[in-house]
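Below you'll find the structures, each written out as structure tokens.
Two complexes follow with subunit A in common, the first pairing it with subunit B and the second with subunit C.
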Partner chain A sequence: MVRRLIAIITSLKLTIICLVAAMVLIFAGTIAQVHLGIWEAQQRYFQSFFVWWPPEGRGLRIPIFPGGHLIGAVLLINLIAAHAKRFQWAWRKFGIHLTHAGLIIMLAGGLFTDLFAVESHMRLTQGDTRNYSEDPRRMELAVINTSNPEFDQVTAIPEAVLRRGGTIKHKSLPFRLVVRHFYQNSRLHMVSEPGVTLQPIANQGPGAQVVVEAVSRATGVNDRDLVSAAVEIIPAESASLGTWLVSDALGAPQTFSGDGRTWQLVMRPARYYKPYSVTLQKFTHERYVGTDIPKNFASKVTLIDPERSVNRNVLVYMNHPLRYRGETYYQAGFEKDDRTSILQVVRNPSFVAPYIACIVVAVGLLVQFGYHLVGFSRRRGTVAA
Partner chain B sequence: MKRFFPWLVLIFAAAWVMASWFPPKSTDNAIDLITLGKVPVLVGGRVKPLDTVARNSLLIIHGKETLQLPNGEQIGAMQWLADVLFKPALADEYPVFVIQNSEVLGLFGWEQSDRKYFSFTELSPFLKQIDEQGEQADKLESVQRSAYQSAILNLRNALILCQRLKNSLRPEDAHDFSKELETYATAIPPAAQAAGQRGKGETFDKAKLDSVAAFIQRYENLSSMAYLLAVPSGEGLQWQAVGESLLQAVQTGELHPVVKAYAQLGDAYHVGDQRTFNQQATRLRDWFAKEQAVATKRTSFEFLFNRVDPFTHSMVLYVLAFLLACGSWLGWNRPLNRAAFYLLLLSLAVHTFGMASRMYLQERPPVTNLYSSAIFIGWGAVIVALILERIFRDGIGAACAGAIGFITLVIAHHLAGSGDTLEMLQAVLDTNIWLATHVVAITTGYSAMFLAGMLAMIYVIRGVFTRSLKKETADSLSRMTYGVVCFATLFSFVGTVLGGIWADQSWGRFWGWDPKENGAVLIVLWCAIILHARWGGFIRQRGLMIMAIFGNIVTSFSWFGVNMLGVGLHSYGFMQKAFPWLVGFIVSQLALMAVGAMPLERWRSFRGSTNGSRQNDKMNFVPPGLVERTSE
Partner chain C sequence: MKGAAGSMAIVATILLGACDRDDQQVKVYRVAKATLESTPPPDATMPTNASSPNADAPAAPPSSEKPQIQWDVPPGWSSSPASAMRYASFAAEKNGEKVDISVVTFPGDGGGDEDNVNRWRQQIGLGPVDSVDALIVPQHAGALHFSTVDMAGPTARILAGWTRHEGRVWFFKLTGPPTVVEQEKPNFAAFLQSVRF
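Showing the complex of A and B:
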């Protein structure tokens, strides 16, 4: 039995099956991007163990195809096992060994990146300073204790926790939060708008004047969900502080008092705080003379890191990102008539893996094909002679 | 005859190519459009000769580089442009605008007939309508537009381009523009004096100010309309439109010599005074040669490049070579084969000249957009195929070279419809290192995949439909295909990974599942599958061929298909029109695969003989792989 299993795991057939499955998956995942957008398709097809049908919902879901992680993992095991079993040292196999060793590094690095890399945005208007980046794809409910004049104490509740619903308790909060409603994607309307029949779901703050319409999830490349929720704030000792509407579509934080302190409540993109700050000095957007074709985008920023005593100006422009403390800042976009610059921030702890893998594989392929090309021409040479 | 035939073919072909090198002698009493055609202007961020502007604009508006007038006369792009610039009333009557969409015709109350070209005058009553409809269509992403919306938007853009051209060098209603400029120049100093007096609060002559104000209004309009930036106004790429230069004259008090020369040249053209026209054209040429020496050198070369039209020439040569090579399999083997080989060398030389010229003009590595990728893929495949031909000398490499060279150049020709193929590069592409490595490696991989597919097609077609596929030919075809697939694997893999490294360098992430990236990795995966299936003994000669044909489908999806999805960072250039062609190509390849999968008894070459692939699966090119061959 074990021998049979080993035979399967190390078989070339399994390799080919995995490769074919990968092709089918990548093809389907690429076509799906037309409707789902790159990010969503990536989640469903490539960064998952199975492709599910239906893709969402709580009911019965069946896996219809292996996802990227599963195929990658099986291929990785297959590669390692096959080499462990059949490894023989010989010059004529050296190229093949190198190629596959490189592929193992690449696959492992890819899986590692998928699991641990974090992408976020930093949006800066000229003069702005930020010490955090944001993930526009994931929201968080921030409950901010503003009673200390020195600093704010932020308790951030991830979107996923809100989605689960129920009661949320945390040791830094002297009250419970009860999620009354949750909308993955929504539109807000004023109660006073003509034709509005829905009732407000909140009874406190500006949210009491607003109704929430549930809409289906955003699928376009540039669209994103507007997450909304209604939470009731219930202190341990006293009566309920009412139900509050929190939404991505509401801009400013709402203020309430509880436990003798002042609090702020805001639904915002999830933040990643950094031990340093970035200030946008100037954003430039050059075009070719007499056209609208962009020639260059550049952000001149000041990087201040008291811990490492860094205070310097950096120019972030096309093909020249800023790499600092394990994160890469690259020029991703702009807004508001070129006054706001959007920097993409990527933390990828395994970014060296592909570099090593690439060199190893390329050398391996060159050695292998070179070896046979030499053999081939030598054979032809003897035939001709 | 046998010995001289290949040389004769080569000499004839070379003479035909060389003929285009020399311009037709212009007679003394003709308008000298050649000198004018070399004059540099700045359009689309690039300094180019007026000749290029003429060809590209006519291509955008009319779909062709020449124009047939209702009286049957054929005029060239430069002649058309001169009429648009200097005799707009006449050019308005030319049937240049293409309308084929019946809904667009219906918008004007016209029925679809065999007429598809319309003049500006015919369309002028509907301009407002076209503008509104086009604006609505413009709001949509190109993927979302219906055929009608694309057509109306194209028409609107063509009309705008035409209007802008008409108002590039002079206002379209100008008659004696030189005289107008003289009046303007003499009116400036008194007006400046009056303005100074007004500034100090003294009494001033309002009439003097007003006389110039009317001009300023007129030239502001001209400046905002202009398509050509015709006047160099400083170092590097600081060029101005004529209108802008005229406005600046208010401060400097002087008219730019280029503006004056264009005005006189235009007036001369307007009244048909060829002597003055030629004088002014020469004056312009001399001025630019002195003041803009580098730009002039480049534009003169581009003018030559336009006229020589290397890709059309090599396209024809490739087709001839392909036919000769195919003919060599039927009989008169040696001379035809040799002739094909010589023709291919000539064609490759012309092709290389074209590509190198583009690199010189653009100062870029060879592949910068879809158009140039087609040219490079053909070039790469032809070289590899010629090397195969040198090794095997059986006409197969030559036939592949001819076919792929021809097809890729035809594709390139159709990709050129959107105007300047030497366009400026989007910001992120503005890096020669990665264009030279990643892009070249990837496109070389495409070349090799198509070549392997072509070899496999020859195997299947010759094997099934003719008796000409002998055992030796079949074996050498399979060795060639195998070798080319290995080559493709190497380049596709390296190219894909280099792309990842580029992405990591500029965006901080190695892989983003962008459609173009996925397309590239599909090729790598397919190559890996072919090689592993072969090494594991799951496929033999015929299986290799069928899989290599499928490689054509994978490659065409990666090259074109992903661009049609209209998503991602690489989707430069969406081509709705190409979609049916792509589908047709894929269907044809699937059909060939099905033909190739027929039992060997149905193959004419193998019928009743023992040389079917079933017997000869001993390829002496199989590497001693990691995996032992499973014995079957």
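Showing the complex of A and C:
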């Protein structure tokens, strides 16, 4: 049985099946972007172990095709296993071994990047200082205990947990949160607006005056879903504190009292705090003379890290990112008023993998072809003599 | 043969470990209440990527913050309590009739101008229009660019201006009986002109 399994795992047929499946997946995923948008299509087709049907919901879901992660993982296992099974040490095969090692690093690096890399944005207007970046594609419900005069304790509940629904309990919270409604994309209207027929889903806070209309998911590259939810707050030993509407559209946090402390409730883009801060001193947007065509964007920022006694200026511009503490800051965009800069913040623990893989593959090919070239030259020399 | 099985086990273990995604976990952390401070280093005019350690670098405690905006409130306007839907509210009264002024902000672009303008038209009893471009008048307030509309229905009139800044859209809207709105129009224009971030 094990022998048979290993025969399958190490077979070239499996490689071919994976490559064909990858081609089909890429084709289907590319077509799906028309209706789903690039972000959702990536999530469903490439950054998943299976493509599911139906794609959403909590009922029975059937995997209908292997996803990008599964195909990549099987290819990686297939490559490593086949190589381990057939490995024979010989100088004449050294180049082939190196080339395969490079491919393994490339595949593993790609998979690790997909699984562990975190991308976020830091949006700074001139003079702004931030010590966190935000993921505009992922929201979080922040439940903030503001009772301490020195600091706020934040319990950040990811959008994915809210989407699952049910009851949320955490040791940092003296109450449980019950998700009554969840909207992946929504529009809010005041209940007093003419023509509004929906009923409010909350009975506390300003949400009691607002109705939520469910709308289809945003599909444009620059469009975002407006995530909204209604959560009921139920303390362990007292009556319910009511149902509250949480939505990115509400702006200011809502305040309530529970367990003798003051709390804030706010839905916002997921935040990644840093042990250092970044200040935008100046944003420069150069255009080609006489046109509106961008020539160069540059952000002059000050990096302050008290832990490492760092206080320095850095110029971030196209193809010239700032790398600091495992994160890379790229000049990604700007706002129309030319005073606001958007830096893309990427934390990718395996960012060196493609560089190493390319070098190893190149050396492997050089060694392999060099070995044959030398052998060929020698034979030719012998024949000529 | 053993090598093949071993390598499969290693990769499978890594993948199973990776299934527990960080973005599905509830996180708890502390954020200092103090405001972030920023002091550029002495050589602020000479940007460089070279490290220049400074032992006296000021501490930069983290903070939470809300969008910053400033304006000058025209005379005769009084503040009303803001709500979570409204960033700020004002009211003004002339001859016993009141106008309501609201400041609302949303992240993103706040929806299309057509939807917004038609919704406001509906609020004052006007029918929707196919193209709102003819109704929108651009206005500049320093570096800010406002789009403005002035629409009058049978019993109410709306003056509205909106601008997009730092990933948010800001709506400024004055609603009330047509006669009072006409009197408050210069104040509303001055209010928009005073907006700064």
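Things worth noting here:
Definition applied: the second predicted complex is superposed on the first by the 345 of 385 C-alpha atoms of A that agree within 3 Å, B and C clash if a C-alpha of one lies under 4 Å from a C-alpha of the other, contacts with A are read in each partner's own complex, and residues count from 1 in each chain.
To be clear about the criterion, a contact is a pair of C-beta atoms (placed from the backbone, for glycine too) under 8 Å apart; a residue touches a chain by one contact, two chains touch by 3 or more.
What you see is a predicted model, and the numbers here were worked out from it, not measured in a lab.
Contacts of A:13 after superposition: subunit B is touched, whereas subunit C is not reached.
Once chain A of one complex is fitted onto chain A of the other, the partner contacts of A:203 are absent, as it touches neither subunit B nor subunit C. By the document's definition of touching, of the two partners only subunit C reaches A:339; subunit B does not.
In the superposition on chain A, A:284 contacts neither subunit B nor subunit C.
By the touch criterion defined above, A:156 reaches subunit C but does not reach subunit B. In the superposition on chain A, contact of A:43 is made with neither subunit B nor subunit C. After overlaying the two complexes on the shared chain, residue contacts for A:240 are found with neither subunit B nor subunit C. In the superposition on chain A, contact is made by A:84 with subunit C only, not with subunit B. Once the two complexes are overlaid on the shared chain, A:372 sits against subunit B while remaining clear of subunit C. In the superposition on the C-alpha atoms of chain A, the part of subunit A touched by subunit B in one complex and by subunit C in the other spans residues 82. If you check the complex, the residues on subunit A that touch subunit C are 2-3, 6, 9-10, 69, 73, 76-77, 80-82, 84-85, 87, 111, 115-116, 118, 123, 125, 127, 129-132, 136, 138, 144, 149-158, 160-161, 168, 170, 172, 187-188, 190, 193-195, 205-207, 209-210, 224, 226, 248-254, 269-270, 273, 276-277, 279, 281, 300, 302, 304-306, 308-315, 322, 335-337, 339-340, 342.
Remark: subunit A residues 12-13, 15-16, 19-20, 22-23, 26-27, 29-31, 33-34, 37-38, 41-42, 46, 82-83, 86, 92-93, 96-97, 100, 110, 113, 117, 119, 221, 287-291, 293-297, 318-321, 323, 327-330, 332, 344-346, 348, 351, 354-355, 357-358, 361-362, 365-366, 368-369, 371-373, 376, 379-380 touch subunit B in the complex. Listed in rising order, the residues of subunit B touching subunit A in the complex are 42-46, 143, 229, 237-239, 391, 423-428, 430-431, 434, 483, 486-487, 489-490, 493-494, 497-498, 500-502, 504-515, 518-519, 521-522, 525-526, 528-529, 532-533, 535-536, 538, 557, 562, 565-568, 620-621, 623-628. Considering their complex, residues 1, 3-8, 11-12, 15, 18, 21-33, 36-41, 43-44, 46-55, 57-60, 62-64, 66-67, 82-85, 87, 104-108, 111, 119, 122-123, 143-145, 164-167, 197 of subunit C touch subunit A.
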